[in-house]
């Protein structure tokens, strides 16, 4: 009964390597109403732009991988040279809020403002029109989808409703998933943050390889999401290189940036896998 | 001193493969009083009906396993064709609340209403009388047990008081257990939900094999519970197939649906393993 | 500088196998002020007295191990035959509160009442004077230590200040430790309880073997604590048997019950390892 | 683009073994406003000074490693002989607050008082001027950095902004990181404390070896932080010895105390890796 997603050139699956380049922005957002003074997590997150990003760019170059970087506008303002460097190496850049604002905590006008402002920042830095979007914290609302449409956004990459591209409110959706995210295995911060006992990197890579094989079996999209401040540590990058080596030997993969995935999806799957976000207000009323 | 449970045909243990086909219903229930707008977890859970369920049905067919699916009435209404398909493939369907309501948060009339309403939905979809029950979140109350009796329910499958069938208030109880559940190893959702760092599927399967061997040693029931939106990911299904292959080679297993287990228990163990739920009000008063 | 603890007969370390036979009592205590109705965790904990305890007694008999069971008075009242059976097989029985009351949540008179009442229950059931004590949840107070002294208690086994026997306020202390406890690896309950993603039993046993080797190296006491409702599951018992087999081959172990450990400590280490609990009121005042 | 940190004598990386010798002080600080009576965690933490510290000093001596011990003034007052012993064995001693006060919970005068008081305690015990600092809970503020400067402190070791030494507000910073800390893998305390299911020590060591190899690849500082009350358990020390054996065979390591690292950094990297803590008040205002 279920229909397989069709990939170009008889490929069996697709691989997209993506980075949510958040740096300190989620910390600033989360604490926006607090009079915080401690700089522990703030500095921990600065490891991303200071060291991790260069290592990651080198690794991608070595393995000839074009990745997609989702970058909050605020982070681009703090690190303009890095943004230019990412762009110059032909990686894709996507929007990711201005200050990593959770869209379910702000109103429609604020969502739109963050997108317009961030687009302008990237245009000034790179000359390019950014048309990809991933929501901060992977949370999204109907209002956001409305804003995306009128902002000429080509695709969203925040949801988990399929494990291959689909449509959400007539926008191409390039699905993520928690088990292909680095923070669920690695993130540890002090104080009150959500933390886990850091996993052994080789175990994480083994788990990711299993999911890759599963996605290949079912014709899906291996959308890996990493955060430079988290995955940029030496042991994690060495394990990641092990994964790249493994994947690069597989001839059945279509390697793509998110933009390429979205364009392909638009051309090839116009009438399939169309979903519409629920009208949550009505749903709340009827069930509440 | 302890007495072994007797299985038919000199089998040493029983295996029941079950799915709690919740989809988005627990999310709707949990947030019933909130004015939520974010659709992240909602979409994540839709992966179950959209893709996972078909994969699971295929896998069960390949390994010739008849499973039991516990389905909230609301989910059946959203996915009537899936319910018909499950029924047509001769899997058993059991009740699981209407909107995955925790029974300790609603009153007796509401518990009954959810059961009556859900029975009617399944009757209309499949023509069959549903007589199996598993409580949402595996929580149950004395009031629920009373309702089950007067609703002509054949068995309950929500408690952990033995690791083989027993009686609770004169109703056959087909026990579950947390260590044979998938969410305790795999569930990760954003925001405030109960999440774990996702376990390596091959480690989970290894752990389940150990418990199978333990249950076989002690003559118990290997009652595996999975959730399509959780276990339907590629890597987890491949690991699950590994488990099916392993179990299918063992001649000492009685493979059964929950209904078959309950009927067997009724015939064969009338006078054994009878337990009665405590009168919690009295217990509370006397201890409080 | 540090002094090794001396064991009898040139043994290099001691092994004590203990069980905190709590059954449903901690659940009743924790919810004593709530009007609870759900019986999920209650039934889950009943697995201990219904099935696990017999398996454990068989396993101990097979491996010729005399263990120590710490049993709340309430549990003894619910399962008098089990208490008699444990006693008849020459395992030691120790006190563990009446309803698993945390001693830092009740006053001195209530602590004493729980001990007196429980002693009487065990005397009636077994004819024996119980003189061992382990505090519920391994929490203890100065008031408790005062009560223990005037209640003719021979030893306490609740603290972690050494990894061999010592003195606390002139009472022999037989130290426990979290890493030799089963619940920190295995406990998973529904709803709001403290839960972990259940660990692979063979990994837990491997970890316990490592700690055994470490304790042997440093001349310590391998005090293993398990809970029947948690460790009585098939896979965990098979792994435990693996540990017993391993330990039984080691000629350097002194196998002892807690009572034997306490008596030995009293005779052999009168002037060593004496510690006194802080006057917490003074400490609170001076620091507060 | 990124510049490697240069180590002396063509070494490829540095290794610093450090201990945060907290004992009971964080417990006293955390509960300073509560009228606590339970001594469970208090005794658990006393395992550090009573047994663990001697084992650790022996192990360091056996492997000829000079470590750095960060010790709260209060702990030094409780265990003066241990402090003298550590000093006499030529390990470095660093400041770590007086009662392990989190600096984001006290004001500038209190931060300064804790440092002055602690310096005096160590001077009296060892005759030495302590010039190293690590903040309790690895949290730090601008006020703290100001105090460090006027207190003649040579370095700080609390932040994670690089994985090699850098400057923070013109003070040498010797970075720590969570994945090279023991508590994130091992800490388990009763009641409400932050706890994890204790990790298998051999798995932790394997993970640390991977990070060592990663740091060597990228020319970083392997700054390992342990807590005697946590890492002093037998199994963990045996695993740690395994790590020492492994590291000692590597000719590419510069072994250093924190003081040596800071002095080297000052001489060799005057103009590199200079960072300034954000003015958090302004940042809060502008974003808030």
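Which chain is which? They are A, B, C and D, in the order written, and residues in each are numbered from 1.
Methods note: contacts are C-beta pairs under 8 Å (C-beta built on N, C-alpha and C of every residue); 3 or more make two chains touch, one makes a residue touch a chain.
All values reported here derive from a predicted model rather than from experimental measurement.
Trainee: Going by the touch criterion stated earlier, list every chain that contacts chain A and also contacts chain B.
Mentor: Chains touching both chain A and chain B: none.
Trainee: For chain C versus chain D, which are copies of one sequence, does the interface use mostly the same residue numbers on each side, meaning over half shared, or is it different?
Mentor: different
Trainee: Quick check for the class: compute each chain's Cα centroid; which one is farthest from the centroid of chain A?
Mentor: Centre of mass proxy via C-alpha means gives C as farthest from chain A.
Trainee: Calculate how many whole Å lie between the centre of chain A and the centre of chain C, each centre taken as the average of the chain's C-alpha atoms.
Mentor: 49
Trainee: Return the distance between the CA-based centres of chain B and chain C, expressed in whole Å.
Mentor: Each chain reduced to its C-alpha mean, chain B and chain C end up 34 Å apart.
Trainee: Which positions in chain B are in touch with at least two other chains?
Mentor: 197
Trainee: So how do the chains connect up here, line, ring, star, complete, or something else (other)?
Mentor: Contact pattern: a closed ring, each chain touching exactly two others.
Trainee: Following the definition at the start, I'd like every touching pair of chains, please.
Mentor: A-B, A-D, B-C, C-D
Trainee: Mind pulling up the chain D residues that touch chain C in the complex?
Mentor: 28, 31-40, 42-44, 46-47, 50-51, 54-55, 57, 85, 99, 186, 188-191, 195, 197-198, 200-202, 233-239
Trainee: Hey, which residues of chain B end up touching chain C in the complex?
Mentor: 1-2, 102-104, 137-143, 158-163, 168, 177-179, 184-185, 196-197, 199, 203, 206-207, 210-211, 213-218, 220, 275, 277-278, 280-281, 283-284, 287-288
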